[in-house]
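Letters A, B, C, D, E and F name the chains as they come in the text, with residue numbers starting at 1 for each one.
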Amino acid sequence: MTRPSGRMPDELRKIELQINVNKHAEGSCFIKCGDTHVLCTATVEEKVPMWLKNAGHGWVTAEYGMLPRATGTRVDREAKKGQSGRTQEIQRLIGRALRAGVNLKAIDGLQIKIDCDVIQADGGTRTASVTGGFVALYLACQKLLRSGKIKTMPIQQMVAAVSCGICGGVPVLDLDYTEDSNAGTDANFVMTDKNTLIEVQGTAEHGAFTPDELTQLMNLAQKGIQELITKQKEVLSI
Amino acid sequence: MTRPSGRMPDELRKIELQINVNKHAEGSCFIKCGDTHVLCTATVEEKVPMWLKNAGHGWVTAEYGMLPRATGTRVDREAKKGQSGRTQEIQRLIGRALRAGVNLKAIDGLQIKIDCDVIQADGGTRTASVTGGFVALYLACQKLLRSGKIKTMPIQQMVAAVSCGICGGVPVLDLDYTEDSNAGTDANFVMTDKNTLIEVQGTAEHGAFTPDELTQLMNLAQKGIQELITKQKEVLSI
Amino acid sequence: MTRPSGRMPDELRKIELQINVNKHAEGSCFIKCGDTHVLCTATVEEKVPMWLKNAGHGWVTAEYGMLPRATGTRVDREAKKGQSGRTQEIQRLIGRALRAGVNLKAIDGLQIKIDCDVIQADGGTRTASVTGGFVALYLACQKLLRSGKIKTMPIQQMVAAVSCGICGGVPVLDLDYTEDSNAGTDANFVMTDKNTLIEVQGTAEHGAFTPDELTQLMNLAQKGIQELITKQKEVLSI
Amino acid sequence: MTRPSGRMPDELRKIELQINVNKHAEGSCFIKCGDTHVLCTATVEEKVPMWLKNAGHGWVTAEYGMLPRATGTRVDREAKKGQSGRTQEIQRLIGRALRAGVNLKAIDGLQIKIDCDVIQADGGTRTASVTGGFVALYLACQKLLRSGKIKTMPIQQMVAAVSCGICGGVPVLDLDYTEDSNAGTDANFVMTDKNTLIEVQGTAEHGAFTPDELTQLMNLAQKGIQELITKQKEVLSI
Amino acid sequence: MTRPSGRMPDELRKIELQINVNKHAEGSCFIKCGDTHVLCTATVEEKVPMWLKNAGHGWVTAEYGMLPRATGTRVDREAKKGQSGRTQEIQRLIGRALRAGVNLKAIDGLQIKIDCDVIQADGGTRTASVTGGFVALYLACQKLLRSGKIKTMPIQQMVAAVSCGICGGVPVLDLDYTEDSNAGTDANFVMTDKNTLIEVQGTAEHGAFTPDELTQLMNLAQKGIQELITKQKEVLSI
Amino acid sequence: MTRPSGRMPDELRKIELQINVNKHAEGSCFIKCGDTHVLCTATVEEKVPMWLKNAGHGWVTAEYGMLPRATGTRVDREAKKGQSGRTQEIQRLIGRALRAGVNLKAIDGLQIKIDCDVIQADGGTRTASVTGGFVALYLACQKLLRSGKIKTMPIQQMVAAVSCGICGGVPVLDLDYTEDSNAGTDANFVMTDKNTLIEVQGTAEHGAFTPDELTQLMNLAQKGIQELITKQKEVLSI
């Protein structure tokens, strides 16, 4: 079997992370995973959501959007029709993933919002959002620390994400849109630099998959995510 | 460690499935998993959604709701504020799970809608909806077959679901609300009577989990789901 | 003339009231009027609506919903399309009816919300909601009194409701769906155990009705409502 | 007892009906009942609603609105917040009332929409809308007949409406806002020129009312409505 | 060229301004510009919008609406479908125009809302709303001054508006609907009694226009607006 | 007076136009006017809007959005709260402006949608959208022509836009955010390569402006727009 892109089964797409791309945001990262391009910005707000008043810790949340023509066929603007179930599901996932890397007590009184906007899509937008969003979040935390608004660095572990799937019977890493559309099984993994899992979501699009296959996908994801975390650290110079 | 309910780590809650509880629906099942009670009804519509016109197959979809006082604290009615992201995420999951058990070509021209309404909640409402909803779906398919509207039984495998989690460091099966609120890791599994996976969703609510822990949860789920499928078969007399 | 159900013109459907059916609610009643089944739950909130601040009295309100397949033909979920005018009209009626039985000063600082959810419909869902909802409300008031949160029982009179109509020229009591669809005139009555009226809503669906006919319907309603109130008192042991 | 306006208990407010006040509408009537002013316009559409296709008859419907400053305290514009339950309830009542006067078979293929917009409010806006709206409807029917688009006059009986109430223990006709706010019981009647009832809606705002009191209100309404119908006929020259 | 109405190119339609037409509003003006009729009411609220707290000045805002049958073809009620982009654009324009005439510091702590509701439309509804709305605003300010709630008259200059356009190659003043539909270029001007501009909005509906043509339209507008301001002053007796 | 940026009064910001930046769109242009960055994509749909069926010509429309952190203070995502009046006003302006450059008959049966999404904002986002959007539109038309789907080039004149304003008493070209916030008068101009006007919108934010001042702003705009059109032609190689 050959992948449409010619990649090896355990090979990531070309990854680029550009930081500080937005003059207004407290942190920002433009992530390119092949032809999937996501702009991630971090906004620090000096208040927490109502339901968190006096809880003794701050909050990290995420929002996700796609430009109408990020995809092959134009999609109606959500500003006109409201956020779809898919969008809400994705941004809830990104928020949970990012929070897992942060000691929320260290940002008590603050909320950090990560906006992930897909400029161009070619599969894997939600995992790219986690990986790029975490960099924007890291930068915002660093800025808070430097400004003296917080006392300790709230980042407690690095977080990144990737999708894997079974294409033509072969487990492969980092699906692009063509692979994603044809995969029998598709799974998204969010992991830390300690090789532990934050989230796994596996779905049989056609048929079903065995526990063994899930283990194989998990192994691929582990390899890919450690590479992504290496990239994150490089661009953050840590 | 003792579970709040006194159950063994690999013990399901008391399960009851009552069928044909609604005089109007083409299939119905009232499922009780301990104090979690969900009414599942199947509606057969003799047309498919617009985007499926002439696709050569039918469709199965699900909707999920909760009565306002199904929970300890009353929740505002979604009819007044719109469906939350959580609701949409859950009903998308139920729909995918149910479709995995059906040969959609065998219901060409038809759509079957499964409504899962939580009458009382005590954890695990989405997995109870899958298990009970599949029974309602089965009954509706049976009725279609008997009426001659379809030629072959569209059910190709049985589908059921359960949640597992790590509570106080111990992997346990079928979380109730108290356990769910305190679990460090929480995972929902949808599986078939062939012991294959349709969907897995694991989340670290606090900290992270190891690949090994995921495997342990998967083993518990396998045991629980086979018991649930036995119950489904009993009530369906198959 | 024979009624489709074989009932006498002044005969109610079989009525069943089950109380304390929900483990979370402060009061609950599942009412069956023939094949019309409504689950009524009472929620006590220890605050009043904004517009009632410092008014010297509490509030009772009601919400009404129908499961999508409560009816012969499935109805789209209001969570997806918002509450219809019909739903809002019905829940306003239920709220007014229930408040008429309560001394609101006796629940100053509190709001009691009665949720009436139709599990299965066969005509007369709004009147069943009033009759069952009043039982849930009574139970919640009793619980408040016992807990010492209020000083005196706020219930000042019993309230129940029934529909009547003119079918085939004959005034009949407690219409089921078949009769309701064919009635020339249809009227809903809310009355007290003192034989006084709280609300009357009579509508000519076809043609018109005379003042005399309205009087005949009112007499039937009086008889039916006193029977319903007897049932309420039995189940409440008062 | 003296009424705030000095009127006799069975005395209507000063009624004025101006017809053909809108250059675009197929029929129009500006009705003044004392300080309650409602502009009613009729629009004829040469198609019926989707759900009435091939039913063999046409349709009459009504919509109701209030200018934001029609009332003593400005009310937020419904265009900004959506139609309230009260608005929907009122426009459903007006629609039923108007349809009762029309032979819908005579307008097969057509829909007539009556818009009732309250320019200034002083109580009784819904009953004024019925009375004025019926005149606009009559004019539109007349125009259809004259143009040859329909063969026979669809108006089968005249329809008008009025409110009555018990104020300070005395039954009175045609409540203005001051009376309406203080009435213990309030009832709206829609009747025909044949002294028959189309709709009655009686509500105890405080306490309850007896069947006898309802009869007294009905008698007042009968008197008032016949006077209103005389005014309608005068302005229509019939 | 002859205008459809027979007017001269620089001739306004017949203008009528009736004041104090609403018994509830703090100021009101019913403006007729030919067959365009707009009811303008002013409401004084003794609080400012949230975002203006402690800003040291009050606020003036406007809302715009159209009765469904104000136009030749009935338009769906915005209460049912929400405010269109056109409506929001118009009411933002009216608000800006009115504020330009007011010293907001003189109404610190107050908000004045001007509602402009089109009763009948024949072109130029937004400019009529500005001209009539300013009269309602003036009256409300006068009332505030007389009641002692403010110390100085906040009106600092008179404001009125008119549209001009190029029809059949000829620049004309105050377009009616027929002209507006056929104009190649259409421009709205808001000006003061000092001959200065508050707002100009010129649009080429077909083709384009030259800077010279814009100047010609501006000259026509100046003439028309001074006539409108004369009318405003007459009716206000200033 | 010195401008904050040090520019001359008649000096544009640094302008960059990058074309074909999106792999999916039929035409695309990323425009940078100083720190204002807008991504414009063109989508060709092979059908016209419903209301244009059989009108003998196609359509061009525009949509406008802003990423939440395009601005100094994060703005709530319109997908969550709906499009604001400001957004709708802007996208209506862009649509009118672009249509003015196109012979719609030459694209009969087609609709071209231009999406203008602000990636970073520093004043003048609507005029940048017109200038960049026109380039994306041009490219889409070119592609249609080359593919043989249309017979003649539909672009009949070049269109670009710029804002001008009076800052500190001095008329200046191409306001950035700092200038825009402080300008007494602010005007947007849309013009063609023939020096004619498509649209002018001038507003006095404080005080008022004279007809002479409008003329001065128009002269500045003319100069700036011809420079912008030169840039457009360069990047399009025409």
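As a convention for this text, contacts are C-beta pairs under 8 Å (C-beta built on N, C-alpha and C of every residue); 3 or more make two chains touch, one makes a residue touch a chain.
All values reported here derive from a predicted model rather than from experimental measurement.
Of all chains, the one whose CA centroid is most distant from that of chain C is F. Spacing of chain D relative to chain E, judged by their CA centroids, is 33 angstrom.
Centre-to-centre spacing of chain C and chain F amounts to 59 Å, using the average Cα coordinate of each chain. Looking at chain B, one finds that residues 83 touch two or more other chains.
Taken as a graph of touching chains, this assembly forms a single closed ring in which every chain touches exactly two others.
Note for the complex: chain D touches chain E at residues 22-25, 28, 35, 39, 41, 43, 45, 63, 65, 67-72, 74, 77-80, 82-83, 87, 113, 115, 117, 119-120, 122. Note for the complex: chain E touches chain F at residues 82-86, 88-89, 91-92, 96, 100, 157, 187, 192, 194-204, 207-211, 214-215, 218, 222.
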